[in-house]
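Take a look at the structures listed below.
Heads up, the next two complexes both have subunit A, just with different partners, subunit B and then subunit C.
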Partner chain A sequence: MTIIEQPKEYKVIGTRPIRHDGLDKVIGKAQYGADLKLPGMIWGALTRSPYAHARIKRIDTSKAEQAPGVMAVITGADMPVAEAIEIETGEEVTNLAHASDKLMARDKVVYKGHPVAAVAAADQNAAIEAARLIEVEYEVLQPVLTVDEAMASGAPLVHEDYAGKDLGEETRNTNVADHFRHETGDTAAGFAQAAVVVEREFELTMVHQGYIEPHNATALWKSDGKIEIWTSTQGAFGVRSSVAPILRVPETDIRVTPLEIGGGFGGKIPIYLEPVCAVLSKKAGRPVKVVMDRKSVFEATGPTPGGRIRVKMGANDKGDITAAEVDLYYEAGAYPGSPVGAGAMCALACYRVANARVDGYDILVNKPKTAAYRAPGATQAAYAVESVVDEICQALGMDPLDFRLHNATREGDRRADGPVYPRIGNLEQLQALKDSEHYRTPLEREGADGRLRGRGVANGFWFNGGMQSCVTINVNSDGEVGLVEGSVDIGGTRASIAMQAAEVLGLRAEEVHPVVVDTDSVGYTDMTGGSRTTNATGYAAYLAAQNVIAGMKERAAILWESNADDVEFEDGVFSSKHDSELKVTFKELAAKLTETGGPLAASGSIRQRGSGGGFGSHLVDVEIDPETGKVDVIRYTAAQDVGKAIHPSYVEGQIQGGATQGIGWALNEEYFWSDQGVMENSTFLDYRMPTALDLPMIDAIIVEVPNPTHPFGVRGVGETPIVAPVGAVANAIHDAVGVRLTQAPMKPQRVLAAIKEKNGNGA
Partner chain B sequence: MTTAPASQKIILNTTVNGQEHQLLVAPYHSLLEALREAAGLTGVKEGCNDGNCGACTVSLDGRIVDSCLVLAAEAEGRQVQTVEGIAPDGQTLHPLQQAFLEEAALQCGICTPGFLVAAKALLDREPDADEDRIRLWLAGNLCRCTGYDKIIRAVQKAQG
Partner chain C sequence: MHPFQYLAPTSVAEAVDALARYGDRARALAGGTDILVQTRTGRFDLDAVVDVKRVPELTALTLGEDGLSIGAAVPCYRVYEDAEVAGLYPGLIDAASLIGGIQIQSRASLGGNLCNASPSADGICPLIVHYGQAHSAGPDGRRSTPVEEFCVAPGRTILEPGEFLVSIELPRPPAGFGGAYQRFIPRNEMDIAVVGVGSSLTLNAAGDRVESARVALAAVGPTPILAHAAGDSLVGKTPGIDAFREAGELAADAARPISDMRGDVNFRKELVRVLTRRTLTTALERAQS
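Right, the complex of A and B next:
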């Protein structure tokens, strides 16, 4: 662990410059994946399964092959068979055989929308029409659609040959891909000490990341055997390391160029289209582009799991949590790998619980394979735990923030799954929320027209990530610098990384010119995800900038015929330690690179292991129409320890955006399933994400408890803000109308039914 | 629907961002397809292709439409404005564009063109629109990144 002394004041960090890529994005010139046009480029389209679970008996591609403009048709038989090995792709571990099978079925389809064939044709409409001409004969099988169905004895198997794990032991003939346990202390003894014990069960449905840009990819399989890929991804290197073994080509023969990305939230870490485009391209001899339609995005790309959660928690009359048990049953989707592992680690992370047990179940169902979604797995667990904490506070008559402060984890505490916390800001951010004007202002309990108001709080934790990044800085003769990075910029990271380099170099943010490049043009860099980019890629930029300064000192030493050790650098000026007359600015020295040895470029690379966890608590006021059950959010405040806010506007933006996704999850968003596993609301009309009209302003309180393992104290910020909102909204609804909603989303009919049941006129 | 052969394409005469265009389009092409594929104006984004996200919002004779729901042929002889045409002289940014930058009103940026076109149409008509009115007007444009807070503030800033 590197501990770096905190400089007292910053010149660039903490300011709010206009982001470097902003202009292109407000004039419509930024190039996203779907905007790419290449010479000779043709379009692909996929044929997808109408069934959630079926055996493929026969595929007839002959009509499609003869359709106008068609240049290639492929099925699963054209895809190489990938080895069943697991690789790390950022926030997920990917089993390559599953990843390959997911993007083109061979024998069996295991979710509605599962691709079974693909065509490439002269234009997009021709490709779509031809894809419809592919005839597939299916033997329809009974789908498995809920965690309970999946675990029932005699349930149909999503994968007949899959070996699951139960507490480390291999199991067969099961849909439970994994069952694991974290345990500390003695929960029976802990519950025996409790004055209050609350036990509840919660249920959630799948929700989608909801990025506005559909997945897309363009590939060119060149005649020299090399493959070029242009795509919308959170990680170009992850695409490369997934595509190579799936296509069975060396990684080094693949170059992935990440184009601008229109939102990801974890859902653009996995690959869906790239190998299909590449195989089509090989057959057609042309670059092939595929852009997914919205229906396929919903049906066949990464939702986050629904499932069932049981929480039991006890506290003594002093308000100490004495024991807790959590059972998480998460839908993995059609292949193993739900985020239940992270959910289990986050479930009790906000609290000191000496006696705890957390069990996690990763359960196969005939639904799309789940993908990471912002703090994957944590929101579901926090909804359940924070609701139970709220009940305990009420039973004890304690203020919900006082209870959370009293039990809050702090430096040196051990989480239920093992790790001991380094310096964290859980207490500080809870205190900041308690001190907020919002919390100190009592809520007026009645709104207009008999509407009822309530207030809720919840706390949330996400690890934040470190991982690997590489940055190269090129010094230009005009004294400005180019910054070459591999981190895809989803929400302002060009700025937050450039600003860290600028701080070291004594330049303005605008004098650092960041560029996100392809996998041949920068060192390995992990995906933009895990709230890691401003931390780790920022750290790499810091190191690269330090190396630039070291190189520049050598150049100054050449000018002054002295030694680099005799050169100091401060406020953009190099000076001699021995001769106060000898000074040269960064800009002046940059103009003298040619005469002092030639171009100067320097890199920084890091495997950042210190991420410093992120805690964020949210406070929400709701107003409920008791006639309809509709819940409106009327005031919202979120506090979060971010370590250090490099660009505060984009930090606030992350907090506001995460809170909003959480509000959508709490109130409106869900997959409606038919009894055959078909999603019935696969449009933005019926899958209701929050609009501008649904929300108030969202106040973000930035708390800065520096991460000791980062030169500027950055912890990362993006994911923590989605953890607390669902629980906070549930608690506010309870406060308003006295009903505890244990199913999300808390949509009007559920709220209304609960109010009616409470008033004795339900059913 | 069958795919019309290229010989059945039509020539669309329309004015886009003040410039007359003759675009070769199929009768079934949407205005969105015509703008992106035939005119090369890829600032117009496709998010859903069914009129629910607003990423493809353009102005048609001064009225905002989801260009995915308008047939290209319907733009014959009419005035279309896209995000590429918002800066008054093509150089200086419109106050909305400047405010979006200063207020950090975009994260991934995919919804930004639609928001800018929609917000400009509002401010052209109702320069003093209050927060509720702005929120209602922009409810047809989905943003998944920002939570709308900074977008609303940017529109308010552009009001001066």
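Right, the complex of A and C next:
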């Protein structure tokens, strides 16, 4: 671990206690959405479009209504009409009319798997069978399947009535939902100063987060008009604020209980099922539960976009980047809102580029609406930029980490899209990777049986979010505390938040008992996402704990008949500033709450403005079978500035998890489309995520450059590590076999074809 | 998924009766690793599944002087955990130990793999290159079929309604015999073959000439393919890289792949060349050891 500045000694922070939710998860007792059973509960199932683009001519539900066990059938006509207004939902802005239309089509289906009807029946099989009996007559339309098809003149329109924007001007009859530009300096002048200019185009296809737990929801629309929802989500409050306007009921009338979540990675911020379950429940008068199957998860939830990226970059012979241009064409899916905005801001974030232009295009296609996926939009851009940087390093004969260090952004630098960096750890984490045993050990170039080895590096950036959180701490008479939070636990956040409270309270992590509660039981808390939770909810816990200490000081003052200002707290002991005999431990004082005025609870709430930018560079060694094109990752090291690692094991876990997902994206993961916009590989058999057998140990180097806006220096951690891997793997493949793969995934067939082409015997 | 009958006969005759009663609305169930998934995803609409695991012949694994008899419901692990079987039928062991993971291998059977008739089945090519015979029973009695003739189309076999696979018989390999199976997958495990190749060869007593050879291909046609010309090309030749390369070319000629999400035609033909050469090399090493 590289520690840059260690402000103070901690007792709890930086240790590795067993997580509070660990045992239940390990032994299979944790309650996920699919486990939920309620009295009188029935099951829902959806009828989905077999076409990517079609007009609905007629829906006949009569056979389904008469099927055994069926209690409710709905179509788009039963869904309230939502207003066409935009709301903030975590990492993205959502247009409510689009969000509603995505849940249940009315006139037109715009992606394969688009729901057109739903049924509720006594059991799941009955519901699935009944859903098959719904007859839909479609007028099949030509689907728009790539960004190039979408931008071609005369292309079919995904939405006929949509008004797009082109550099701020409203446009009509277009699939380009938005085109924007960030510009600084003069790129023409910059390229004129360059000794080396590299320009490349890259292509990617959609990939999915691949969480193991499918989406699910259970809803009960009660007789008093109130709605109860139990669901797997990254943010219960986000579900509430999305469902309310879609169903046109007041937010206050909805209570959302988040259950344990089996992975989200951004994909469980949007809603898919909750309003449908609620409308079915209203009709049936019972709680209705829907659990998606894997096929629906792939076809009809939110992957991250594919698209096309052009990068042009120049550097002078001293190794200074003189200019860069990036054009990002991202698939939005069937509704506007790809993460191209974030991609554009991240694209050049690692480098000082005085002359830069970044253009972003958000493009409608007849594919599922994209959603956030771990550092949304950044990985695609980094794959392209880091590949081009690698080429420049080779042309200049510079070490790839020296070049990145030489050009690295640091405090006070201005990013191409405007913001000036506060204290960041870009240099420190790059240096840590350069100093690693892995980087200092030369690679043996040949593996067994003629396999060839190569090494690649890449850097990556993610903003890290702040947003709003609220925490309440209840002091128990035994001196332990309950910690009430609204942050769904992903990646050990119960532990990382409880540890921050424990540090303040002078308790052990195990003496803080975190509980994630529903939307009526804690103050507003944004979703677990944007790498914000350990920072912002941790900050709220810190504030709540400070308030507990303030309250406890008052209680000690009552005991000692003095003033709270005269009471000090250190190492779990309250003492009088004036009388060294007067001491009481936190536990002793907790036992005296009744006699000193009754129960003690205190809250903390915060609106954090960003949680400190995160930089992470990755180093990978690959081994390639030149006869089959198969790429094996044989060694992997990732360095990252995390600000302060509250629970280092979970920080390492995040870095390893991000790297793993990035490796999957680099090598095999892809939506494989038919020419009609049907995903042909909608199973975990043919959507190839890496298994434990496909990966080496991923070494995580934790670098700690404290974030000045957090009491313990925490930066976001979870997203940064997925940014660099695709570029790093591409660079390693180039190093091994001398071919530059400009299409992801770099699957065996593509690698072999590139090798054969290079050797002049392309088939 | 509709409710369906579950039947568990204890004799071949009872099983034939049960299957014949429901015709094509029934399937035989061994390990269930294919049929349960396929039924849930709606590929079959069944009125009955007939569990054949209580029929003693179907769970018998017998190694005799004449060869090996594998009951159609014998799970993979019993095949590869039998040291004597493993020594004699190495190509079979290559496949039995790479189908799925350990949980799947504890349920899935080579017989089921054959009856599922997937073009990419890992279990069928090794049976072909070990000269396997499929024994089935049905309303018209029993019959035997060479394994390479058993599959007729993706998911379809020669079995008639009411007929089911009882066992697979492999002759005892002669001295100088070696076999191997390899598949190409993009990952390292838990995957489906983009291409699979099984090879076997028998050397003369001196060990310097090939007396007979077989090459069988998976995932490059509607059924597993016995590439006759590839195997025959080796007969009378000195075993080695040149002969194996030539066999690889002939095997690629015999392949009739499609382009799909797992690989295009060129990629698959190239993999046939590479894997034919590699499996023959391994088979030769085994024949010589």
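In the analysis below, the second predicted complex is superposed on the first by the 754 of 763 C-alpha atoms of A that agree within 3 Å, B and C clash if a C-alpha of one lies under 4 Å from a C-alpha of the other, contacts with A are read in each partner's own complex, and residues count from 1 in each chain.
Rule of thumb we're sticking to: a residue touches a chain if its C-beta (ideal position, glycine included) is under 8 Å from a C-beta of that chain, and two chains touch if they have at least 3 such contacts.
Quick caveat, the model's predicted, so the values are computed rather than measured.
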item: Partner chain(s) touched by A:Asn125 [first = subunit B, second = subunit C, both, neither]; value: both
item: Touched partner set for A:Ser649, first subunit B, second subunit C, both or neither; value: first
item: Touched partner set for A:Thr691, first subunit B, second subunit C, both or neither; value: both
item: A:Trp43 touches, of subunit B and subunit C: first, second, both or neither?; value: neither
item: Chain touching more of subunit A, residue-wise (subunit B, subunit C); value: B
item: Touching partner for A:Leu667 - first (subunit B), second (subunit C), both, neither; value: second
item: Subunit A residues contacted in one complex by subunit B, in the other by subunit C; value: 125, 129, 685, 690-691, 693-694
item: Complex contacts: residues of subunit A adjacent to subunit C; value: 125, 128-129, 627-630, 632, 667-668, 672, 680-681, 685-686, 688, 690-691, 693-694, 747-749, 752-753, 763
item: Residues of subunit C defined as touching subunit A within the complex; value: 1-3, 184, 186-192, 194, 260-264, 266-267, 269-271, 274
item: Interface residues, subunit A side, partner subunit B - complex; value: 16, 18-19, 21-23, 25-32, 34-35, 37, 67-69, 123, 125-126, 129, 209-214, 260-265, 291, 293-294, 490-492, 647, 649-650, 652-654, 656-661, 683-685, 689-695, 697-698
item: Subunit B to subunit A touching residues, read off their complex; value: 1-3, 5, 26, 28, 36-37, 40-50, 52-53, 55, 82-84, 86-87, 93, 97, 100-104, 106-113, 116, 134-136, 138-153
